[in-house]
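Note that chain A is present in both complexes that follow, paired respectively with chain B and with chain C.
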Partner chain A sequence: MSAFLLQHPDFVVFLVLLAVGYFAGRAAESAHYRSIRRRERQLAGILMFATKFPPAVQVRQTTTLVSGSVVISSDYFKLFVASLRKLFGGRFRVYETLLDRARREAVLRMKREALRLGGHAVFNVKFETFNVTMGARGGIAAVEVLAYGTALIEPKK
Partner chain B sequence: MLVSNLEIVPGKRIVKHLGMVQGSTVRAKHVGRDIMASLKNIVGGELSGYTELLQETRAEATKRMVDQAQAVGANAVLNVRYSTTSIAQGAAEILAYGTAVILE
Partner chain C sequence: MSRSYENPPQPEQVETGDGHPLLEVAILLSGVVAIGAVFVAVIAFSVTWVAPKVPFRFERQLADPFFEERKPPSDKDAFARERELRAIADRLVAAMDLPRDMSVTVHYDQGPVLNAFASLGGHIVIYRGLIERMPNEDALAAVIAHEIAHVQHRHPAASLGRGVAMALVLSVIGMSTGSGIADRVVGAAPNRALLKFSRDQEEEADAGAMRAIARVYGHVGGMQDLFRVFQDARPDAPRGAQFLLTHPVTAERLQAVASSAAREGWATDGERRPLEGPLKKMNHTREPTC
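Take a look at the complex of A and B:
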């Protein structure tokens, strides 16, 4: 076994990257989810709607565009699992969590901007997902999610 | 300049429609950011270099759209949409477009 590993240094590098990806990626993901859940509770007061027309708007309120975006990268382990998954098809659980994290993070950043401007609701929320993979081998595997909408701003008293 | 992705402005009347305005820009990553990103790609997580890059690009596209709206004499851009396309390896185009209007 050790003779085999000595003869194939590439394989050792691969195993190390896989292990680093697995542990660091898992740690980063659960830390991110904790932070997302905490901030979601904090910003729960900012309402979000996919409808175009705000109901019963008071004349004094102003509107402005707010947005939030994030680029999140997959880890080495997820890439490897996904490449195996591709053989059989089915659900790509590893990428589902990646997109879920990106989308929730983008929403949180959008809500934070709305809050900063004195808004209490965001209307006509749109999402855009962009693959930042940049093509090539040795390139990166990442997605950008943009969330944007129109914040209704309370007048300053 | 009021920028919004609604079709109306609550409490204000649209006096005149001035047609569509748009702004677009193409940006590419630079090598330093790419090296950092490929390292980050092993452990996963946010690529803040790329987040900033795309935010700057989007801000630039929005600014060009607003400039165009100002040039036609508008005081608001409504129903704004963003669109992102990968043009070539490592380069992204961001387009911002909307309707220029004059509010009372």
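Take a look at the complex of A and C:
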């Protein structure tokens, strides 16, 4: 085995990249999830609705557009698993977590924007997503998620 | 706004998916390796079957232009050496029952490497570095006979066919995965399988060479002398790593000579013919420096 590795230095590089991708990617992902859950609790007070119009309210409110966007890159390990997955089909689990993180982070940034403007709810929330792939073949797969909606702001008394 | 609205926390379905990612990789990889192995087995089998059925003149049409471009030996000595090598080859060919339409052309190369190879169209190249290390004509004839046996069994054509087919399969897999990463791993599996086929070819060529040497020289001592030269030149040859080598391990080849000789009733020892004429002049046996 060691003789084989000595004869194929490019394979060693590949294994190192894979290991770095796996450990660094997992560490980054679990740290991000911890941060996401903490901030979701903090911003739980800002409500989010998919409906186009808020329910009839007594007080006249102002509205404004708020948005939050994030770009998250996959790692070498995810890329490798995904390239194998393409042959067989099935759940792209490594990308599911990637997109889940991106959506939730985008929502958090949108809510933070709403909070900064004095809003207490966001209506008509929508998502846009864009595949940021650098270079065609073998490029790094990164994804952008944009969340936007109409923030409801109660006038100051 | 009424207080009755709330956003309940979303259930965490995505992150806590079942199965460890490394387990997923292991399952996917073994599937890919299995598919690669099946591909290679099918291709190698069909190419090995087809190659000997392609008329030899197609091979010559393909290869002759390349060898015509080679500069003929410039100095007189090299020219004489090539002529001498061809004389040895002619004696061997006469003893090897080659098909009628098959021809063998030996070329002499000034390169210092301890090597020789057979190519398409019956072209065989013998390097100066190899001749210099040969203790006698029997050993040199063993090399030439080994290469002629490759030609006889159409191994260069089979190897070319496999190479082209493999490149095709890898590019298809590469296209379907769309990344350079997976085909590296997928590529490693077929390469290992091909090494096995390549070793089978070497064993076949050894067997053919032994038969020819026994007929022309009366014994197979030349084969043993040849493998001992290889053993001395590569004392650090990995043991137990045979799966990764193109040629069988030298000690095993020596053993194969002994067992074949016992089976066929060939003498394993006998009088050796010294290298003569233009081949002798250059054959200053020296200590291997590597």
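In the analysis below, the second predicted complex is superposed on the first by the 151 of 157 C-alpha atoms of A that agree within 3 Å, B and C clash if a C-alpha of one lies under 4 Å from a C-alpha of the other, contacts with A are read in each partner's own complex, and residues count from 1 in each chain.
As a working rule, contacts are C-beta pairs under 8 Å (C-beta built on N, C-alpha and C of every residue); 3 or more make two chains touch, one makes a residue touch a chain.
Predicted model, so just to flag it, every value in this text is computed and none were measured.
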Worksheet item: For the overlay on chain A, clash or fit between chain B and chain C?
Response: fit
Practice prompt. Figure out whether A:Pro54 sits in contact with chain B (first) or chain C (second), or with both, or with neither.
Written response: both
Discussion item. With both complexes superposed on chain A, which partner does A:Arg93 reach: first (chain B), second (chain C), both or neither?
Written reply: second
Discussion item. Quick check on the superposed pair: does A:Phe130 touch chain B, chain C, both, or neither? Answer first, second, both or neither.
Written reply: first
Worksheet item: Looking at the overlay, does A:Ser83 come into contact with chain B only (first), chain C only (second), both, or neither?
Response: second
Item to complete: Have a look at where A:Leu152 lands relative to chain B and chain C in the superposition and call it first, second, both or neither.
Response: both
Discussion item. As a test of reading the superposition: which chain, chain B or chain C, is in touch with more residues of chain A?
Written reply: B
Worksheet item: Who does A:Leu115 touch here: chain B (first), chain C (second), both, or neither?
Response: neither
Item to complete: Applying the touch criterion given at the start, work out whether A:Glu40 contacts chain B, chain C, both or neither, answering first, second, both or neither.
Response: second
Item to complete: Look across chain B and chain C in the superposition and give the shortest C-alpha distance you find, in Å.
Response: 13
Worksheet, complete the sentence: Dual-contact residues of chain A, meaning touching chain B and chain C, are 54, 57, 76, 79, 138, 152
Worksheet, complete the sentence: Seen from chain B, its contact residues with chain A in the complex are 2-11, 29, 34, 37-38, 40-48, 50-51, 54-55, 58, 80-84, 86, 89-90, 92
Fill in: Residues of chain A defined as touching chain C within the complex
3-4, 7, 10-11, 14, 22, 26, 33, 40, 44, 47-49, 54-55, 57, 76-77, 79-88, 91, 93-94, 96-97, 100, 120-121, 137-138, 152
Worksheet entry | Residues of chain A defined as touching chain B within the complex | 17, 20-21, 24-25, 28-29, 32, 52-54, 57-65, 67, 69-76, 78-79, 105, 123-124, 126, 128, 130-132, 134-136, 138-142, 144, 146, 148-150, 152
Item to complete: Please give the residue numbers of chain C that touch chain A in the complex, ascending.
Response: 1-2, 5-7, 9, 14-15, 17, 19, 21-22, 24-25, 28-29, 31-32, 35, 173, 176-182, 184, 188, 238, 241, 244
